[in-house]
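Worksheet: the structure to be examined is printed underneath.
So that you can tell them apart, the chains are marked A, B and C in the order they are listed, and the count of residues begins at 1 in each.
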Amino acid sequence: MTAEPILIVKDLTIDLLTAHTAVRPVDSISYQLRRGETLAIVGESGSGKTVTCFAPLGLMPVGVKADVSGSVLFEGTELVGANEETLRSLRGKSIGFIFQDPMSALNPARRIGHQIAEVAELHLGITPRAAEARALDLIKMVGMSDPNARLKQYPHELSGGLRQRVMIAISIAAEPKLLVADEPTTALDVTVQAQILRLLKEIQARMDMAMVLITHDMGVVAGAADRVLVMYAGRQAEVGPTEKVLVAPRHPYTMGLIDAIPRRDDAIGSRFRGLSGLPPILGAPIKGCAFTPRCRHSVEGCGAQRPPLRTTADPAVMAACPVLNA
Amino acid sequence: MQSIKAFAKAVAALPRAAVFTIGAFILLGLFAPYITPYDPNAQNLLMAGEGPSLAHWLGADHLGRDTLSRLIAAARTSLVGVCLVLLCAHSIGIVIGTIAGYRRGWTDEVLMRVVDVGQAIPSLIVSLAVIGIFGVSYWNMILALALAWWPSSARISRAVAVNVMNKPHMEALRVLGASPLRIYFVHLFPATLGAVLVYATADAGAVALAIATLSFLGLGIQPPTPEWGQMLVDALPYLEADPRQVILPGLTLTLAVVGFNILGEAVALNRVPKPLGARLVAARRRITASWATETRS
Amino acid sequence: MLVFIAKRARNAVLLLFLASVLCFTLVVSAPGNVAILIAELRTPTATKEDIAKVEEELGLNKPLLERYGFWLQGALKGNLGISYKTGEDVGAALRSRLSVTATLVAGGAVVAFVLSLLVGFIGALWAHRMPDYIMRGIALLGASTPSFFVGALLVYAFSVNWHLLPTFGFSGPASWVLPWLTLGFLPAAVLSRVVRVGFEDAMAKPYVLTARSKGLSQTRILFRDALPNIAPTYLNALGTQIGTMVVGAVVVEPLFAWQGLGDLFLAGVRFRDFMVVQACLLVFITFFVILNVVVDIGITLTDPRLRRQRS
């Protein structure tokens, strides 16, 4: 993990414009990612995790216009301001994507085999026949039984877990260098979640891919990520190696998230220790620290000026809370 | 009250072109007797086949009747016909639809199968059959079209009624002990009526087309009452000599129907997100640009 | 699949039976006495005895059920009675006119199919840009223009003005062109909107985002991902439009002075010739029922979710 980073994100700010509103779900985010490394982006729903990864690659739903500023360098190519042609040539080939809901992400009217094979055919420049063989290999690789029959099946004939395996097969079909997984286990049964996560880690190790894992589940972070980036209201709260951030959080929001995880020694029936309050509604950028209204440690002045992300007492960890890290 | 509010809200969200065309059609229809420059049925054989002039802006037909006056009077014929047909069709449709949506179960099942069959048969064939049995007359035409149109109204009413019945406050009402009659007449019926009115308006274009088609075939509005389809068929033998008398009623009818169809399209497309237009993007960017200055200060 | 087809066929036969009952009751319940009508057709000054003779002859004095059985038996053999107005054999008249209407509707269906896909695809390929707006404008106009006006315009433009195509009757294949266009124009416009809205709907679905994440081009996504998803909807709408076109023949045939089923039906309706109306209705409804079965099978074949469920 000493090589040059393959992904360098710097001061990434994204404004989303829709028919009804304008919001800024991503505000000055910076991070780097190396080959083989996994970065988890953590936050509550609506904190801008997904947009951070998808908007710079031009993957926004119809009816949403993303204004992206800052810089996203992928293997030396600047993505911010790049044309659709450039972005498309990267998607699928160099960067693979896994979506949250495997129920709706697969095309209901097409055979699974075709949906996998077309990626290989397009990006690896192989014949349709070879692509089909590759699809078969991939089906086996993601651990599905009876691969030959699976190729001819349609998504509605599979369970959620199997569909997510298909989605993984699609995302890695062209051997990308970076995999973006958006809540890959959220929509699945608890028992299946662990299997899918293990599969992802396995494949990542085998292909030496970098991975961005978007999640709100601290358990997933602990199990899969090398480093973690905690987002709150579109801003970075804390960044650092997983083992350090989870053990000794240095931002009140991270502390709250970790504190909310149920523990083995909790008395049965004890009160749930969630974060009180709700995340702010996105809109105009909030003056000062966005977490102030929910923060136990807030002092006068927190709401006045925006706290910068600073190196903490541990040089590997950065946090945006001057109150706890003075 | 509820239905008026729902209707007003829906109208406000409609494309201007549709509101303008439909508004013009309705105004012309309402005030036709006061704004026609001449008596639409007054013949003046000296004027027969005349081209446009200052006195007769759109000329006169083969019997020397003022074309403009006849076109305006035809708007009234069409408007009245459309309103009568929609009134009859939706009266049947709403009652059947709300009963199906309210009762559900086998009542719903039976009623909707009937509606299915009614919808599977093209509306023109139903109206032709009815006219073929009962004979050609104005009220038979209205009856024929109403019988052809009620199934689609029932289908929409049922969908709306089911939607209304599934709202949490309806459940609350039932738990609080509101009587079924009260639920039906005070809550379900008005809410359904409001929503169905929008669809009814969008459907008016198709009804106007059907009235014109029946009149064109000589089975609807009878001469000398001016009606667009009937004016067109009247002028058809003189197509070569005087195409204007064919084209004008056709165009007027098409224009009126276009208005209703724009409306229908707007109703159908409202739920699909579409890419933002340049003007909308610019407006939203003004908002985001103001953020930058705010944060700096 | 075969089981499914068999089931549909059984339902279709049931529907046809219902339709025959409906057609029969329609005429029986019609106001006015049929026997008087026929008797007056034979001798304008028909006496009571003349009427009784007619009733005896046609079995009109028998109980309803028996009359229905008698009528159905005849209908199955192609014997649909005798016109009250012209005294013509209705079955024979139907048979001689069937091919005209069949050719007309088939041609109209091809026009509607080709035009609607063309206009719909252009709109989808250049979505929310100039070509799309133009195509949508054309479709809007087309869906709002009555077919008799389209026909009149076409006749005026091509025959009267440019002398390019024959207007009335038959004189070689060229005389088919205008009626086909007239009949297919409105359905084409309606169907093109089905295509366009279908694409718009499909392109906003999450699986299109997945397809874009694979690096596929917009055009490829349109045809490979969206198209299979709108096919069932389109087939359904096409079936409805073909059904409508059969009735559209009522408008188009008189316009071009053609002697088809539509023309026959119209004459029947105009002169309240119940036997003709009844026979035409029976033919039309039979066609709709068969059409519905074919469309249903088509939809099942194009929608994998239905295919597995029904096979």
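General observations
In the analysis below, a contact is a pair of C-beta atoms (placed from the backbone, for glycine too) under 8 Å apart; a residue touches a chain by one contact, two chains touch by 3 or more.
Every value quoted in this text rests on a predicted model; they were computed, and no experiment measured them.
Counted by C-beta pairs in contact, the busier of A-B and A-C is A-C. Centrality annotation: B (chain centre taken as mean Cα position, compared with the mean over all protein Cα atoms).
Centroids of chain B and chain C (each the mean of its C-alpha atoms) stand 23 Å apart.
With centres defined as mean CA coordinates, chain B is found 50 Å away from chain A. Inter-chain centre distance (chain A to chain C, centres taken as mean C-alpha positions): 54 Å. Residue positions of chain B touching 2 or more other chains: 273-275. In chain A, the residues touching two or more other chains are 61-63. Contact of a single residue of chain C with at least two other chains is seen at positions 204.
Across the complex, chain B meets chain A through its residues 273-276, 280-281, 284-285, 287-288, 290-291, 294-295. Contact residues of chain C toward chain B in the complex are 15, 26-27, 29-31, 127-128, 140-141, 143-149, 152-153, 155-156, 160, 193, 197, 200-201, 204, 240, 243-244, 246-248, 250-251, 254, 265-266, 268-270, 272, 274, 277, 281, 284-285, 288, 292. Touching chain C in their complex are the following residues of chain A: 57-59, 61-63, 88-93, 96-97, 99, 101, 104-110, 118-119, 122-123, 154, 156-157, 167, 170-171.
Here chain B touches chain C in the complex through residues 117, 120-122, 124-125, 128-129, 131-136, 205, 209, 212-213, 216-219, 229, 232-233, 236, 239-240, 243, 246-247, 250, 253-255, 257-258, 260-262, 265, 268-269, 272-275, going by the rule given at the top. Interface residues of chain C, counted against chain A in their complex, comprise 203-207, 209-217, 224-225, 228-229, 231, 302-305, 308.
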